[in-house]
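In the two assemblies presented below, chain A is common to both, partnered first by chain B and then by chain C.
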Partner chain A sequence: MSWQALRHRVLLPLAGVLIVLAAWQATLLAYDLPVVVLPPPWLVAVTLVKLLGTAAFWRDVAVSVYEFAVGYVLGGVLGVAIGMLIGEWRGFRLAATPVVESLRFVVPFAWIPLTILWFGTSFTGKVVLVAYAVFFVMVVSTSRAIATVDPTLSRVGVALGMNRWRLAWAVHLRAAAPTLASAARAAAAIGWIAVVAAEYIGASAGLGLMITNAASSLATAVVIAGMVVIGLVGAGVSALIGWLARARLDYR
Partner chain B sequence: MRALGSLHARLAPRAHAWILGCAGVAIGLAVWTLMAHVLATGGGVINRLPTPARVLAELTRYASGDLWRDLLFSLRVFALGWAIGAASATIVGLVLGRVRWLGSVFIPIVEAIRPVSSIAWVPLSIVWFGFGLGGKVFLVALAVFLVVIVYAIDGSRRVSPALERTATMLGMNGWQRFRSLVLPGTLTEVLIGSRVALMAGWGTVIVAELVAADSGLGAHLISVEQSYDVPAVMAAMACFGITGFLMNALFVRVERRIMPWRHDSNEAGS
Partner chain C sequence: MSEHGGELAVEQVSHRYVVGGRTTPVLDNVSFTIPAAQVACVVGPSGCGKSTLLSLAAGLFAPSSGTLAWDGAPVRLGRTQHLGMAFQQPGLFPWLTVRQNVAIGLRTRGKGRVEARRIAEEFLATVGLGEFQDAYPAHLSGGMAQRVGIARALALRPRLLLLDEPFAAVDAFTRLKLQHELLALLKRYRPTVMFVTHDVAEAIAVGDMIVVMSDRPASVSRIIPVGREDKNRASAAFARKLAETLECLGVGSDSAVE
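Presenting the complex of A and B:
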């Protein structure tokens, strides 16, 4: 690595981290803030390490990730299926567009109270919520991707004697795959945060519940450590989906 | 006669779309009504599904009462947070984008914070700011900042080198180049980013008001939820949806007016 690259990729970012940590610590000292308001960075690190050693923490992570995964798969499959129908079948598109467009603006978070009324604080409620969030991202992007497939590809398919189903499955879906891959990552980010938000308001376990409980007992270090974990899991899920997509689409 | 024919040909697809669209909505409402009647007689978990008519009645009742007060409060939180977030993201983005070493120092930190959605900050903001206006504005500003900063950095760097060289050759000094090349480019990107951030910001308002429920639409939603009033819950959800839709439509229109060349009909909302 050249000196220039080393400086800009490693040394300066490292300096940035140090500056932020120093500013954090300096704020504490300058204003003499109590730990409840802002714990020092080392305390957050220690708390995080301690958390990693407890079984309850891992149970919370597992509950949240499980709720997310089931909802994600459900919403993703349904979303791509309905999105393909909308993209392939003009009549269905015209009929479904007003319904989809009007529901799309009712963001998933607004559904949280209703899912609690219907499903309680159970697993089902979170799954429904995540599925709803993921569904709309996938429907919108799938239908657009299918509608904008290069018409030449469709003509080649027709010339090769493909019927409508075969064309949709073997040509359109493949051509739309790169767009779907990036939509799948965006959907994962939204779905993950929907789980966390749902757990703030009604849950019996999970990371969102963990940090709201910590906040109400003023364990601020635990709150910040929990936020770090939420960010890491979110980034991890997104990276995993990106990696899966790349592995499947390496013909590009 | 021919003119009439071509008019008909132009109108026909539109009419077709309208008829099918209305049919879709009608089918949706019919299925909903049917489900409400079926589920009312012991449908397991979802036994409290009201008919669309009852939700509409509830909505008009709410609209003739407290809706405007709640909506005004939510919109104030949103507008304050959105303005603060977009303005600070523009300034920070310009500095980080144009000053290379500062960019190398701080952009990785911005990138590290970005995956932690503003929603994850809700409990911390309650510890810091309590249940009032300040904490909610902070959360919305953060949500908008995290989206717009990317557009601002990108926009500030997008000036083509050829243009910059030409400007130098024409004798423009650093400040003039900044004012007439960098700033307009950045502001166009910021405007696009601000629209993209619209839904992120509005979603954050909802979660913040649901958790720190003291006033606003979200607080109303939580209070009717706690009294098991499903029609009112759905009416409040509709208010959130309609407001989000109107804000997005307004922004798309403004964007089209200001920057007709950047209009892309394929990107909207969320």
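Presenting the complex of A and C:
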């Protein structure tokens, strides 16, 4: 690894983390806070290592990731499909726009009471919530990306003999792919936040439930360790989507 | 083939756009005929409706009045089997390799994967891009991308080739080179061609006839035949043809036509 690569990939990101940890430790020293209010970074690290050795922790991670993954795929596929219909079909756009434009401002968390009422604290409720969160990001991004495809590409497609649906599938969707890749990362963040938030309020397993339980027994180090895990899993999911997008969009 | 086989006839075509309740007439009673295997270059002021005329000939939309006839039958919307088109921006699909860009039209028109690949490779070799088949458009120069666009149009073996200022976005040297290459290809494949251009010299070099359009709403000011003897840029005949066309366009021969 060259010096520049080492600096960009390791040293600077590490410096960012160290600055946050130093600020955390400095706050503790400055205000003399008790452990139950804000535990020191080392205690959170030790707690995290202990958590990694328990089966319950991994079950909670697996449940959250599974709920997220199913909801993400469902919301993503539906969002792209409906977004394409909005982008391609004027009649559908006119009918769907009022619904989409009003519902997309109703944040997923506002639906949590209803999903609990309808689905209890089950897997289905979490999946619906994640799918809802992801759907609106994807539907808006897809319809806008389709609307802004370079008109020359459309003219070429028509001149080559493509019918409307082939043009939509083979040209417009492919041309929109870079925008959709960015949207997919944004949607992943919102979907992941939605699933954890839903677990805070009602769940039988998952990282959100783990943190709620720890908070109710004043195990603050576990709460923060859980938050760290949420952040790391989210960053990992985002990096995975970014990597997949780069692999598929390498023509650029 | 009928007596009108390979002939494109534009008969009393008028067209207007309606945008936001405002009507803008673009073409006014345009009539001319391009005989089979002839190249008609359409020149005229910017925004006079040349590209609209091309789109009408392609059947992308219908004229407000008048008719366009191909092979003696009215041009039908969405029927592109006989067509090849190339544009000012080559419009290559950036996610496809150069070969796939040429093959996609053939695949759309029903050729098998192997056959489409073979034809694409053949035409890319013809335009001198045999070594760039696996490259992506982002890695091509403007001239190379334009060659791919023309190879893609010609690989369809179109009977009617519609070119919308295909060399407008490349430098002067590349433009001359592409004109020579296009002429050689047209001589080989003999399609009927409507070539829209701003460049009068290019029109003389490439065309068998020049259709000079007036300002918008455009009508045909004059149709100027171009003979083989007019095409030599160093000749007096070329200079005379250039002056004649520019005069038709209402500019002096020392002014640029833009």
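Assume the second predicted complex is superposed on the first by the 220 of 252 C-alpha atoms of A that agree within 3 Å, B and C clash if a C-alpha of one lies under 4 Å from a C-alpha of the other, contacts with A are read in each partner's own complex, and residues count from 1 in each chain.
FYI, a contact is a pair of C-beta atoms (placed from the backbone, for glycine too) under 8 Å apart; a residue touches a chain by one contact, two chains touch by 3 or more.
The structure displayed is predicted, hence computed values, not measured ones.
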Touching partner for A:Arg155 - first (chain B), second (chain C), both, neither: second
First (chain B), second (chain C), both or neither touched by A:Ala177: second
Which of chain B and chain C A:Pro34 touches, first, second, both or neither: neither
Set intersection of chain A contacts, chain C complex versus chain B complex: none
Contacting residues of chain A [partner chain C, same complex]: 150, 152-153, 155-156, 158-163, 166, 170-171, 174-175, 177, 249, 251-252
Contact set on chain A toward chain B in their complex: 7-9, 12-13, 15-17, 19-20, 36-37, 91, 94-99, 102-114, 116-119, 124, 136-137, 140, 144, 148, 189, 193, 196-197, 200-201, 211-212, 214-215, 218, 220, 223-224, 226-228, 230-231, 234-235, 238
Touching residues (chain side chain C, partner chain A) in the complex: 58, 60, 78, 80-81, 83-85, 87, 89, 91, 93-96, 104-105, 108-109, 136-138, 152-153, 156, 162
Contacting residues of chain B [partner chain A, same complex]: 16-17, 20-25, 27-28, 45-46, 48, 100-101, 104-106, 108-109, 113, 115-117, 119-124, 126-128, 199, 202-203, 206-207, 210-211, 221-222, 224-225, 228, 230, 233-234, 236-238, 240-242, 244-245, 248, 266, 269-270
